[in-house]
Structure formats: C-alpha cells, structure tokens
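Below you'll find the structures, each written out as structure tokens.
Heads up, the next two complexes both have chain A, just with different partners, chain B and then chain C.
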Partner chain A sequence: MVLTYNFTNCDFTKIKEDYEKLIVGDFQTYINGTKSTQSSNYIFCSNQSDCLAKIESLTFGTHAGCGSLSKEMFACRTKATFAHRCPDYPRVKVNNTQAMKKRKKREDTAKECLKHVLRLQGLWRRFTRAP
Partner chain B sequence: EELQVQMICFNFETVQVTWNASQYPGTNLTFFYKFSPEEEYSPCPRYTVDQGHATGCLLGAKDAILYFSIRDGSRPVLTMDQWVSEYLKPSSPEDVRFSWHQEAVTVVCTNLSYNGLLYEVQYRSTFDTAWQSKEEKSCHVTVDGLDAEKCYSFRARIKASEVSYGSATHPSDWSETALWQGGQPRDRCPEKEPLS
Partner chain C sequence: ESGYAQNGDLEDAEPDDYSFSCYSQLEVNGPQHTLTCAFDDPDVNSTNLDFEICKNLVGVECLHLSKLQDRYFLRTKKFLLVGDSKICVKLGDKKITCKNINIVEIVKPEAPFDVKVMYHEEAKEFVVTFNTSHSQKSYLTIKDLIHDVAYRQEKDEDNWMHKNLSNTKLTLLQRKLQPDAMYEIKVRSIPTDYFKGFWSEWSPSYHFRTSESKGEWMD
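Let's turn to the complex of A and B:
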C-alpha cells in the first residue's frame, strides 16, 4: 500500500523556482527526443498541493506500456525537490518492487511514455500558475 | 489526413476552436465539448461560419482541459483533449498609467486575475528606429535612463510565460500608444529637427 503524502505544507515558491530552473529543461530534452503524439488524455489539478500529489503519482508510479519514468532526469530532480522543499517527505518513495528490467526504448514504448510526460508537463505548468 | 485544428483561448473567458473545413468539402462538421471526462458532451453553443460552412466553435472557457469531438454526422472525425491554457491570449492591458520621476517612468496597469504572466512595456523616442522592451511579472514596470527633452512613445502588452503556459500562446494586443515629453503627455511628437 502506497501512502499518499500531503503536499500542503511544501514551499510552493521554491518548488516553482526549481521547476523553472531545472525541470522545465529536462522535459524539453525528453520531449524533443521523441516523436510527438496527438492526444494525451491530460490530467487536471485544482490547486498547488493537488498538482504536486498528481505529479508525484505520475512520476513515480508504473504505467502500462511505458513502465516507470522514475529513472528519467526530470524524475530525479522532482524527487530531490520534494525531499528538499516538503517537510518530512519520505526519502524512499519510489515503488521499485520489481527490478527495473533494462527497457530498450521501442517505438510504442516511447510513444506511450511520451503521453505520460506530456501529462506531467501539463500538471507542472498548471502548478506554476494555480491560485 | 488528420483534421487540422487551431485553438485560441481569449483571456480564459472564451475559447475558439477552428478547423479546416475544406478538408471535408460539402460536409458541415459538428462540434461537441466538455471540461471534464465525467461530463456528457455538450453541443457547440455558437458556430463560426464561412460561406455557409461551419468552420469553428466559440464557447465559454476556464483554466481547464477541454475535451472535444468533431463529427461528420455521427462519425467522430477528431476526438481530442487539450489544456486551453496552452493557447492563451491574454486581454490587453487596461487602465495604463504613467508616473514620472526625473529620468525614469513607472508604467502601471491593472494586473489580470490569473498568474504566470509577463507585463511588457515598449518605448522609443523620435530619435530611435526600434522599440526597446522591458517586462516584469506584475504590471509595474520602471523604465529609466530616459532623456527629459526627448518625446517618447510607450505601449504595453501582456504575455503568457512559457514556463506556465508553454510556447504556443499568443501575446495580447498592444495597448494604445501614449506619447510623453518632459514628464507631460503629448498628442503628437514634434517632427525631428533636421541635423544642422
């Protein structure tokens, strides 16, 4: 059972700065390297803590057809930001129960992963402007 | 070939989705939308029409994900979802005011009600050919190093920051151009004296 951390007490301003300085570029690098896809079934988030909870779930969860994104640079930096800016954020949160199989980036896996990354990008953007 | 669609979200008040009707000659495509996956689709409240053909839909907006389906009769031609914020066009700056102090001016206007924006002021004197720009995260932009003798033009607009909205947004239209000289508003700038 994966406990959901409550992001309400995080330092949103600092997280936003970390995103602007680092994570934005990681997404761009990832997206530029992968053929784009038309529709992505974006995910909505209402306020900043809701956005961070969904960002965490999407970043560190495992996804059919894609596997896990947790090894990507943006994920490592997301984890570092949460650990640094959110009080008592549990250090080891990543659900790595099964050994990460070496995943050759096949065309369909890349496309499936890109959908999740575009959703993440949408959530982060919403986080930076949410009321 | 997939139907080409364009979207503009006007200040999170209305969103306009347009499509290339010539890709489906002789057919009136119909548009259905919703703002959350659980909702039922609603029909387009107001079509934009060109030469008798529906070319787009105009509907109320908010900062959310728009789910839409464009159909030929009952057959979906394109079903998509998109953050309308990605195609935001803020409204023009309102209530633009200038306050001068020596060789600097602070331009102030009403901040829009949502975040992640950049407020840009452009200015040039009659001796300049190109506009110079200054922008801030709120509508309080100070321009200094101005020459009290010269006559300056100022204009302002609002842009959506790429960090918060991505790169497919549209800047607002410019505000009216305002003329100032020596800290006083001008109707016209004097013609440049020819170099003697």
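Let's turn to the complex of A and C:
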C-alpha cells in the first residue's frame, strides 16, 4: 500500500506564490522546448489538498510512453515547494541531487509527456482557484 | 595584519572580519542565473579563501564560486529558488563563516535602458518611456519590479526629483518643469512582492530641453 502524503496542512498561499512566480515559468520553458503540439483532457480536483495530491502523483509517477517527469525543472521545483511549505513532507521524497535531465526526447515520447504536462498545468491552475 | 597567517594559524592581531554580502541576478544569460559575493571589508586578506553555496540546488549538493579580483562569482542554472541555501566562506575545507540565504531574496535586477522623452504639444506634457530586459524573463518579470525615475535640472547638481512606478511609462506635466531648461533623467529598478533584493544600477541618462513657450509654467 503506497502511503500518500496528506497535503491538508500545507501553506497554500506560499505554494500558490511559488507556482505563479517560478513553476509557471518552468512549464512555459518546457512547452516551448517541445516542438510538438498536443491537446489533453484535464483532471478534476475538488480542493487545494486534493489538487496537490494529484499534482504530486502526476509529477513524480511514471507514465506509459513518457516515463518520468521527475527530473524536469518544474518537478524539481514542485518537490522543493512541497518540502518547504508542507510540514513533515517526507524527506525520502526530497532528493534534489537528482541531476536535471538533458531533454533529448524522441518525438512520440515528447508528445506523450506533453499530454501529462498539460494536465499538470490544468491541475495547478485549478489549485490556484480552488476553495 | 589580518587574523590568519598563511598556514592558517590564528595570530594575536585582531581577527579579520569575514562578513560578506551577496546578490543574485536571475536569467541573466538565457536560463543562467548568477551569484556575486564580496567581503564587506575590502581590506580583508582573502588569500586562500573561497566561497561555496550548498542546499536547494538542482542535481548537486554544493557549487563553488570563482574569484574575480575582489569578488566571487558563480553562473549556473541549478538554483532551485525555493527555500534557503547556505553560503560559506572556506579556508581549505574549514568553514570560516556561513549564512543562510534565499536566492530570490537577494536579487539585483538588470538596469533599465532605452530611456526616451517625447514632448506632446497639445497636452503640454513630456512622456517618459524606458525598457527593461525583465519583460522577456520567466521569473523576475516586469510585474515583479518597481522603477524609480529620477530627474533634475542639469544646473541643479543634487536636486533630484523621484517618481516610483510599476510600469514603464511616466508623464511629466510641462507646468511642473522650468521653461527653456536642460533636464537629465534616469531610471533604476528594484524587486517587489515575492522577490526581494536591491536596486539595479541606474540606466544611462537621457537629456532633454523644455521649450521656451509662454503658457503656464512652474513659478
């Protein structure tokens, strides 16, 4: 059974700031660097902690056809934000020493990953507006 | 004489003050950020002393700053920008003094540029415009800056007037200025809100002359 961290006690205001001031820019850089266009269906999240749980799962999970996004800059920053704004966010999950991936993806992988990144963007936007 | 002999033994002389200050600049060269540190005391004996930054870096534990004359400098893409990093002065492997610093709280923006002043006859006003490289950046964007526009009559050496604004356009009413006078104007920027830090350098100055035309002028 995989224990999912409970994001209820996080500093949502600070996380929102980190997203709007830093992580938004990382997503833009990632998308600009992906030479393909892609649409994506969005994932719903009901409140801020639910959004963060789904963001964590999508950011650090592995995805068929894409592999892992966890070495991208937006992922490194998401992890750092959780570590700094969420009490007792599991240290084991915070390992900044993973080298940032040099992104030479094949076209089909890039497309598949872009789908997930667009979903992530949707979840973050939902988080910034969620009650 | 400084507090450390060459072989690292403490001497009786008053110990040197190794306090230091740093500033960062974000996305100076594409995605690369810079960190610049210097000792507060310019006369400190910095032989064999190094600077190192650790924590909240991407993919590495620590990074070393290179010495350039009296400064120590690092150019990198590896700042996480969330949370404190630890900057230390080191003598070999020995940490002399350290500080916890958040890179986004010691930011020095790049200087504004392209300052221009246009006179609008019908409205009897001078429109000041300028540009900033931060309009192209991902993090410290134009929304995260406040600008200080300083202007003076050239013959009034120290009588600078200041206007703080958050966009890159300012209107000066003709009647608030002296007629037939040469003015100098310049701009600088400082981070605001999420980002904190220091004033940028001043932009290059722009010089303009007010017209002689009658009409209501400042008395």
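Simple rule for what comes next: the second predicted complex is superposed on the first by the 114 of 131 C-alpha atoms of A that agree within 3 Å, B and C clash if a C-alpha of one lies under 4 Å from a C-alpha of the other, contacts with A are read in each partner's own complex, and residues count from 1 in each chain.
Please note the rule applied: contacts are C-beta pairs under 8 Å (C-beta built on N, C-alpha and C of every residue); 3 or more make two chains touch, one makes a residue touch a chain.
Computed from a prediction, not measured in an experiment: that's the story for all the values here.
When both complexes are overlaid on chain A, the residue A:T81 reaches chain C alone and has no touch with chain B. Looking at the shared chain after the overlay, A:T62 reaches neither chain B nor chain C.
In the superposed model, A:T109 makes contact with neither chain B nor chain C. Of the two partner chains placed by superposition, only chain B is touched by A:T128; chain C is not. When the two complexes are overlaid on their common chain A, residue A:E17 makes contact with chain C while staying clear of chain B.
With both structures placed on the common chain, the touch criterion links A:T34 to neither chain B nor chain C.
By the touch criterion defined above, A:F44 lies against chain B but remains apart from chain C after alignment on the C-alpha atoms of chain A. Chain A residues 20, 24 lie at the interface with chain B in one structure and with chain C in the other.
On chain A, the positions that touch chain B within their shared complex are 19-20, 24, 38-44, 121-122, 125-126, 128-131.
Taken together, the chain B residues at the contact with chain A in this complex read 2, 36, 63-65, 79-83, 85, 114-116, 163-166. Of all residues in chain C, only 31, 56-61, 77-78, 80-83, 104, 137-139, 144, 194-195 touch chain A in the complex they form. Contact residues on chain A toward chain C in their complex (touch as defined above): 17-18, 20-22, 24-26, 28-29, 73, 76-77, 80-81, 83-84, 96-100.
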